[in-house]
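In the two assemblies presented below, chain A is common to both, partnered first by chain B and then by chain C.
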Partner chain A sequence: MERQTTLEVRNLNVYFKTAGGNRTQAVRNLSFQVGSGELLGIVGESGCGKSVSSLAIMGLLEFPAIAEADKICLMGTDISKNSREEMRKLRGSELSMIFQEPMTSLNPLFTIGAQLSDTIALHQECGKAEAKRRAVEMLEKVGIPRAEAVYKSYPNELSGGMRQRVMIAIALANSPKLLIADEPTTALDVTIQAQILELMRDLIQDSNTAILFITHDLGVIAEMADRVLVMYAGSIVEEADVMTLFHNCAHPYTQGLLDSTIKVHEIHDELRCIEGVVPSLRDMPSGCAFHPRCPYAQEDCRSQRPELRKTAEGHAVACLHPLRGRWNHD
Partner chain B sequence: MTKARERAEQLRQELARPYEGENLLEVRHLKKYFRTGSRFLPGKSGQSYIRAVDDVSFTVKSGQTLGIVGESGCGKSTTGNTIIRLLEKTSGEVYFQGHEISDMSKEEMEIIRPNIQMIFQDPYSSLNPRMRVFDIIAEPLRTHRVCKSEGELREQVLDMMSVVGLQPDYASRYPHEFSGGQRQRIGIARALALRPKLIICDEPVSALDVSIQAQVLNLLASLQKEFHLSYIFIAHGLPTVKHVSDRIAVMYLGQLVELAGTDELFASPCHPYTEGLLAAIPIPDPALRKERRSALLQGDLPSPANPPSGCRFHTRCAHCKEICEETVPAWREVRPGHFVACHFPVENGRGILERQDAAVK
Partner chain C sequence: MGKYMRRRLLQVIPVLLIVTVVVFFMVHLSGDPTSMMLPQDATQEARENLREALGLNRPLHVQYWIFIKGLFQGDFGISHKYNAPALPIVLERIPASLELCAVSIVLSVVIAIPLGVWAARAHGTPFDSLVNALAVLGQAMPSFWIGIMLILLLGVKWTLLPVSGRGSMAQLIMPSVTLAIGTSAQIIPLVRSSMLEIVHEDYIRTARSKGLSERTVIYRHAFKNALVPVITMVALQIPALFGGALITETIFAWPGLGQLMVTGVTNHDMAIVQACILMITFITIVVNLCADMLYCLIDPRIRM
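Moving on to the complex of A and B:
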């Protein structure tokens, strides 16, 4: 199936102004694209720039953050220079987002129904009654029992899982072209997480929505993603389809992440860890940002910054000495 | 010497020796209820209880790890906190090396206390921000007057720091200068300082990054071997629990529903809830991606303030029959060492170790 490019990001950089008038860089030269109907997973540890990147794409970054990009194209149109007002119009229709903690994006003072039908009425240009009908339909679609009753309730009357379903209903209500889901299940219990992932899989199965799915959990990536970006310290270090990533990764950090992940389905899982800690923005190592923790680091890694380079069709890696079949120790 | 002091001295000597018995800790019919509703309306009308821990029994074997797993609010932390008497029980018994400790006098409990330590989930809030690392680790040693001199204290603290992989020159720093994983190491060093026999780890890695989780889990495993420690390892997710536990207890709404050896539990769970928990784990291998998961649990967790009648799981159970709504299922041993509380335990429970099992045989 030929995929249409929904989003193309070219050279996105995000900086933070610091008190001393300096700036730190949180995201560095981020370039990628995602096609219609495709689920692109973004994985990386805390602070690697996943949320900041997605907020930049949505036009939601606030001072002291500064985002710069060569282009951010949505359906072929560059939106990186859009005004606030233009971005506000796009959000909720073409673009939508689901956050980790639904309470931060649901207004506690309004009923679920009011918030959902407002979004629908605003972008679908329909009357009140029609908006309500579609809203209830949407609540049913995301598996909410007694949708009519939930329509009239307030966010704090619902469980965390129910609130996340409501968020998904709001996010998908206007059939967006691009959906960014930032850790949508991290705050939920495992059985509820499984329900939400299942629901998302069902809803996107035959839609054309392109999805950026952000998580730090490789298990969730393995269950959901078509293609994956691995981020470390603000940069993409590896990009591959999901099978290649799990069975033939080329970046030492990706291998380290996979080794650190507990394999529930294997009897004896040995946990190998990555030594050391993630560097802070103020104190980025020279050369390859991963070199202080990398077991394969050589002299040149300290001084030379590796660029993201294509190694095979659909597979790119930012490493001076990429792994070739060294991973596959089973 | 008075009788009480004689007893205390005996207890002290007994605890100083390594424990020879099989069950280091035994918990019997432990209950912890929290009162809710108005305090100003005594009597039956205004009061209700959250039955956070409701008749829980298990043992921790010497030198082993018992995992306790269950979803948010099922009573895991309350169980741990009641065992070490951060909370006072509602009823039940807790035996440490055969001594009942949940009713023990303050004086005797002081003797027991160094033997049972705790590591908490949040490496940010569980350390006093105004204390230096040295003093954080030294505090329990000072409280229990373990060291005879400042020099000995210093030696012990630095020794603990090196055991958990913290450089000695970190001793004069404050907690905020450390990463999450390092803070968790400080918490572990502090817990180890008194050379306990049992450590209750309450979600010790949940707040950490994957690569740091692995560091801390490996550290806990090597310390267990080195010091012959027993752990109670509490987590809401099965993966970490599986990695560290010899046996696993599964908890639901204040009660245990299943307890078995780790591999047994993962290969052939008997309780429908365990089966559902296993099915919910995302498997980190896209080649094993499941098309549809029939064992996936539906519905939400009921409130522990008002748990369902009979089997508390019946509102979400696919095998529920009439008796489940009325009668509480008994806790019974279905296979040696494998306990379950269910009227209709699953015969060939769907584990996630099947494939490997078949491959091994």
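Moving on to the complex of A and C:
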């Protein structure tokens, strides 16, 4: 089935202004698209520009961060040149977001009900009583028991998992076209994590919402995503559907990430990891940003920056010497 | 919340008792009141007689016991200067103090909160620096200097306002402005810094991600969170303005508690000083209780 494109991003660049008028680049020429009902995973280590990119799409970046893009099309309309007010109207209705930290993402001084019904009343232009009715309905939909009572309670009376359910309810309250979930389960313990993921999967199955799912947990990606973008140092290094990524990845960084995961059925003497750390924005290596950490790096990797190239249908990689054929994950 | 308030109310009793001890002994150990009541050349015998009559020759703990017993009967002692019971004299001054305190607190909150919020929103701009500089200036200027400058300019040079006394609205302006300048200068940096801290909280980002207007985000979601430290600060300032506006009240001949206390001290009028301090203590406790109740109303996490 041909999916309608919900979001198309072309050449998104994010810079941070530093003292002295210089700027460092946090996200470089990010281009991707996501269709309605599709779940696109974005993976990478901390500091790869995942969250910054999502905040840029939401129009939530704050000074000193600046975003520039050739276009960011939401349902065919370019929103990259939108005014602040136009972006504000889109947020919460067409675009919405779930954040990593459920414990601090809700305002401690307002009831759950107030925080959920204000976004409903704002975007659905309904009265208070109607907003409340829809809010309670939404709380029930995200699996909160005693929704009426929870509606009147404060965030400090709820557990982390419950708060994240509330955040999901807020994000989905106005049936957005695009939902960005920025590590929504990272702060939760494993059993709650599974419940939240299941809930998200159920909710999106019923709707045509496109989802950008940001995480560094490949297990979550395997379970949730249709397609995956692997980001490193502000750029996409590999893009593939989830099966290809796990069974036939082409970028050494993706391979490193896959090797770093723990497999239950294997006995590990020591946990594997990718040597070194993500380079700082001020100190980007020349050529391929990954070459200092790459076990396969060759001379040309130090001088040439690889472009994202399509290697097969739905599979693209930014590597001068991709792994395909030389290495197979199976 | 009811349980919490009951507990807080019960805590008032020991606090008041401790204050009576401190006040009583400080006043009684600070000198002989008969030196002020009798002429310089009075004989030693006359002095002894007066001390005997006032009960000052008895042991201190006995005097304290008599003082406490009197308090429970509403007897704060006799003011030797006014030759009348101290309590009514003190109570008579309360409306004046209350008026000055209320007007200057309202004024300083009205000045400080918008300036603090705007400075935080304009963080790093010249406006922010200007507000900061004004706050530092306001804190650095002593109230007696502000008072005198106001009198010189508005009272003497331009004769716009009366320079002293109480009775009309015009007479209230200069003393309350004098107090409000110092107080708002202390509240502004607090509002600014707590707003700056709160606008970077995750829940503010959530509020923005819901598409709420910047106005709602700042004035509803952020400001309510910034209020708790501001209430603490204002609650601290109220007793300070109520009884502690000694200098301002003296400069403007404002017949308030502060002025009464200053004259009480200079005349060694023990009953007046004790009654004033106990009154101010009582008001401090009441204001703190009100502040606690306000915290409870604002922040559900305190309602435990």
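Here, the second predicted complex is superposed on the first by the 317 of 330 C-alpha atoms of A that agree within 3 Å, B and C clash if a C-alpha of one lies under 4 Å from a C-alpha of the other, contacts with A are read in each partner's own complex, and residues count from 1 in each chain.
Heads up, the rule we're going with is that a contact is a pair of C-beta atoms (placed from the backbone, for glycine too) under 8 Å apart; a residue touches a chain by one contact, two chains touch by 3 or more.
The model shown is predicted, which means the values in this text are computed figures rather than measured ones.
K.L.:
In the superposed model on chain A, is it clash or fit for chain B and chain C?
P.N.:
Superposition result for chain B and chain C: fit.
K.L.:
Where does A:257 make contact in the superposed view: on chain B (first), on chain C (second), on both, or on neither?
P.N.:
In the superposition, A:257 contacts chain B only.
K.L.:
Report for A:191: first if it touches chain B alone, second if chain C alone, otherwise both or neither.
P.N.:
Once the two structures are laid over each other on A, A:191 reaches chain B alone.
K.L.:
Of the partners chain B and chain C, which touch A:266 in the superposed model: first, second, both, neither?
P.N.:
So A:266 only meets chain B here.
K.L.:
Per the contact definition in the header, classify A:200: touching chain B only (first), chain C only (second), both, or neither.
P.N.:
The answer is neither, since A:200 touches no partner chain.
K.L.:
If you stack the two complexes on chain A, which partner ends up touching A:216: first (chain B), second (chain C), both, or neither?
P.N.:
first
K.L.:
Touching A:317, do we find chain B (first), chain C (second), both, or neither?
P.N.:
neither
K.L.:
Quick check for you: in the superposed arrangement, does A:97 touch first (chain B), second (chain C), both or neither?
P.N.:
In the superposition, A:97 contacts chain C only.
K.L.:
As a test of reading the superposition: which chain, chain B or chain C, is in touch with more residues of chain A?
P.N.:
B
K.L.:
Report, in whole Å, the shortest distance between any C-alpha atom of chain B and any C-alpha atom of chain C after the two complexes are superposed.
P.N.:
11
K.L.:
Touching chain B in one complex and chain C in the other: list those residues of chain A.
P.N.:
No residue sits in both footprints.
K.L.:
Which residues, counting only chain A, touch chain B once they are in their complex?
P.N.:
Touch residues, chain A against chain B: 45-46, 159, 161-162, 189-195, 197-198, 216-223, 225, 242-243, 246-247, 256-267, 269, 271-275, 277-278.
K.L.:
Report the residues of chain C in contact with chain A in the complex, numbered from low to high.
P.N.:
For this pair, the touching residues of chain C are 201-203, 205-214, 216, 221, 224-225, 298-301.
K.L.:
Can you list the residues on chain A that touch chain C in the complex?
P.N.:
Touching chain C: residues 58, 60, 88-93, 96-97, 99, 101, 104-110, 115, 118-119, 122-123, 154, 156-157, 167, 170-171 of chain A.
K.L.:
Of all residues in chain B, which touch chain A in the complex?
P.N.:
Within the complex, chain B touches chain A at residues 71-72, 179, 181-182, 209-215, 217-218, 236-240, 242-243, 263, 266, 276-277, 279-289, 293, 296-298, 300-301, 352-353, 355-357, 360.
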